[in-house]
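Shown next, in structure tokens, is the structure this report addresses.
Per-chain numbering from 1; labels A, B and C assigned in written order.
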Amino acid sequence: MNKSILVLGAGGHATVVVDILRQLNFNIIGLVAAEPVKHQPVFAGIACYTSDDDVLAFNINDVLLVNAIGSLPGQDVRFKVHQKFKKLGYRFMTLVAPTAVVSLYAELSEGVQVMPGAIINANSRIGEGSIINTGAIVEHDCTIGAHNHLAPGAKLSGGVSTGDYVHIATGANVIQGMSIGEHTIVGAGATVTKNLDSNKTLYVAKPFLV
Amino acid sequence: MNKSILVLGAGGHATVVVDILRQLNFNIIGLVAAEPVKHQPVFAGIACYTSDDDVLAFNINDVLLVNAIGSLPGQDVRFKVHQKFKKLGYRFMTLVAPTAVVSLYAELSEGVQVMPGAIINANSRIGEGSIINTGAIVEHDCTIGAHNHLAPGAKLSGGVSTGDYVHIATGANVIQGMSIGEHTIVGAGATVTKNLDSNKTLYVAKPFLV
Amino acid sequence: MNKSILVLGAGGHATVVVDILRQLNFNIIGLVAAEPVKHQPVFAGIACYTSDDDVLAFNINDVLLVNAIGSLPGQDVRFKVHQKFKKLGYRFMTLVAPTAVVSLYAELSEGVQVMPGAIINANSRIGEGSIINTGAIVEHDCTIGAHNHLAPGAKLSGGVSTGDYVHIATGANVIQGMSIGEHTIVGAGATVTKNLDSNKTLYVAKPFLV
């Protein structure tokens, strides 16, 4: 826990990330964000840097990066930042909220973020840079690709596998044993009961408004 | 933790509320319910009062009220009781279950109830008297109005805002950034992907039975 | 905590069950599975038995059984194993994950399994052999029959009752007060807003793929 932490991003996801880092008593030495950082208590007292180039002033052995850029379908900023700094030799912190439940028999790759109340059961593996967001569930024997985002309250039953860059949106469900191809999006509230190819989007059946 | 607690209501929601109060070692001096209180272990040993007027026998400085009346769409008993006793100068306790996860950077107004396993992330604000029920999720930067009920397992992604008297029913989902007008109901299992006006009801697409 | 534990089954559900037993420092003396047990760290060091008859070598007073056979709609292996060994005089352990939240005022019958992060509120009763799986919610005053499976992330609001052998699949929702007949299946992601007869299946409205 001795390394200094540089947080990349200062939006909504970053507020939860910094909140967790503070709970874990990490030493946050800066926020890096192109846009001006909104004043808010969770960021109080943290130095702000405005350019990715500012990261380069820190030796790769002295800092750990935390990618706090959010992940929404169709956006690739989060992934590109990860890849850029990895190539330069920087390391990304694997972050687990103190209220998350991660089995001792699960494996988290570099840069994975397990947010408050999320659960990952035995024999599941989470690929590099993926977010298992607030209250999401990954049952036993799942294999999650790199740079996935399981949004808040997403639920994966046992033995699910996903390719890279998969987005499983808020409250979506995946039954046991399903396979989901890379770059596929499971829409908010949608339920996967058949394997999904790559580059698809599954939408929940339309609700009706009265 | 020294004040005495008067619990208003003795139905199902009250059982969970009293369970939490007992876990937190609060001093419950009475249940107030017009109908006879069903004998059950969770209420054992607590004095029962049968009329709202019985509350008036307690000095406003000596007791905290807990509004344990449940909240269902179309019912306003819970809100009216809150407003009646507020006008008389009584204070309502803000209650957080020990298993709930509330960010230090979230704000809970008077009388908010955060039930078992519910999660509220950084920069979210919950309005007066609202219930964040069992296992519900409120992501970062949400602004929840007064007298809302987020039912068990409801999930709000980041930056959602709701008006007053909104009901988000069991297992409903709301994607990031949505705005929901006052008195609107999001039905059980429904998923909000567009802003909703006031006084509307959104129903989940009908399931089919075989 | 002194009795020795025999675990029946060695599939995916068993990995989570054994993970929990290890967290609770129980003495696991064997896995019983007809098929060869896959080598994996969670099972390391546990003796393997290949036949139900091997159980009979253990005195009924010396062991507790844990039924770690999974439960999927249309499969009855799990129930039959329970009944077979009960008739022979063996006892099944009631298992609660350390991260589950079970009210002191809830009742769990013999052989109930409450998995990581699941929540059971006051005055709910869970019938013999039922699984309340990862992150599932059982609100107050529910009565769950024997041999039910509430799959990961299933959510039951207050006062729900179910018959025996009910399956509520991944992420399904049930509103307050519903009654669900025996052997009925609530499909993944489906939402119950009307009482359901026995031997029915409720499917979520079809999502659409683009």
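Following the convention adopted for this analysis, a residue touches a chain if its C-beta (ideal position, glycine included) is under 8 Å from a C-beta of that chain, and two chains touch if they have at least 3 such contacts.
None of the values given here were measured: they were computed from a predicted structure.
> Would you mind working out whether subunit A and subunit C touch using mostly the same residue numbers, over half shared, or mostly different ones?
Shared-number fraction below one half, so different.
> Turning subunit A onto subunit B with a C-alpha fit: angle in degrees, nearest 5?
Rotation angle between the two copies comes out at 120 degrees.
> Determine the centre-to-centre distance between subunit A and subunit C, using the mean Cα coordinates as centres, and give it in whole Å.
So the centroids are 30 Å from each other.
> Among the residues of subunit B, pick out those that touch two or more other chains and give their numbers.
Residue numbers touching two or more other chains: 117, 135, 153, 171, 187, 189, 204-205.
> What part of subunit C is in contact with subunit A in the complex they form?
It is residues 12-13, 15-16, 18-19, 22, 40-42, 70, 72, 99, 116-117, 133-135, 151-153, 169-171, 187-189, 204-210 of subunit C that touch subunit A.
> Where on subunit C is subunit B touching in the complex?
Per the touch definition, subunit C meets subunit B at residues 101, 103-105, 117, 119, 121-123, 135, 137, 139-141, 153, 155-159, 171-176, 187, 189-193, 196, 200-205.
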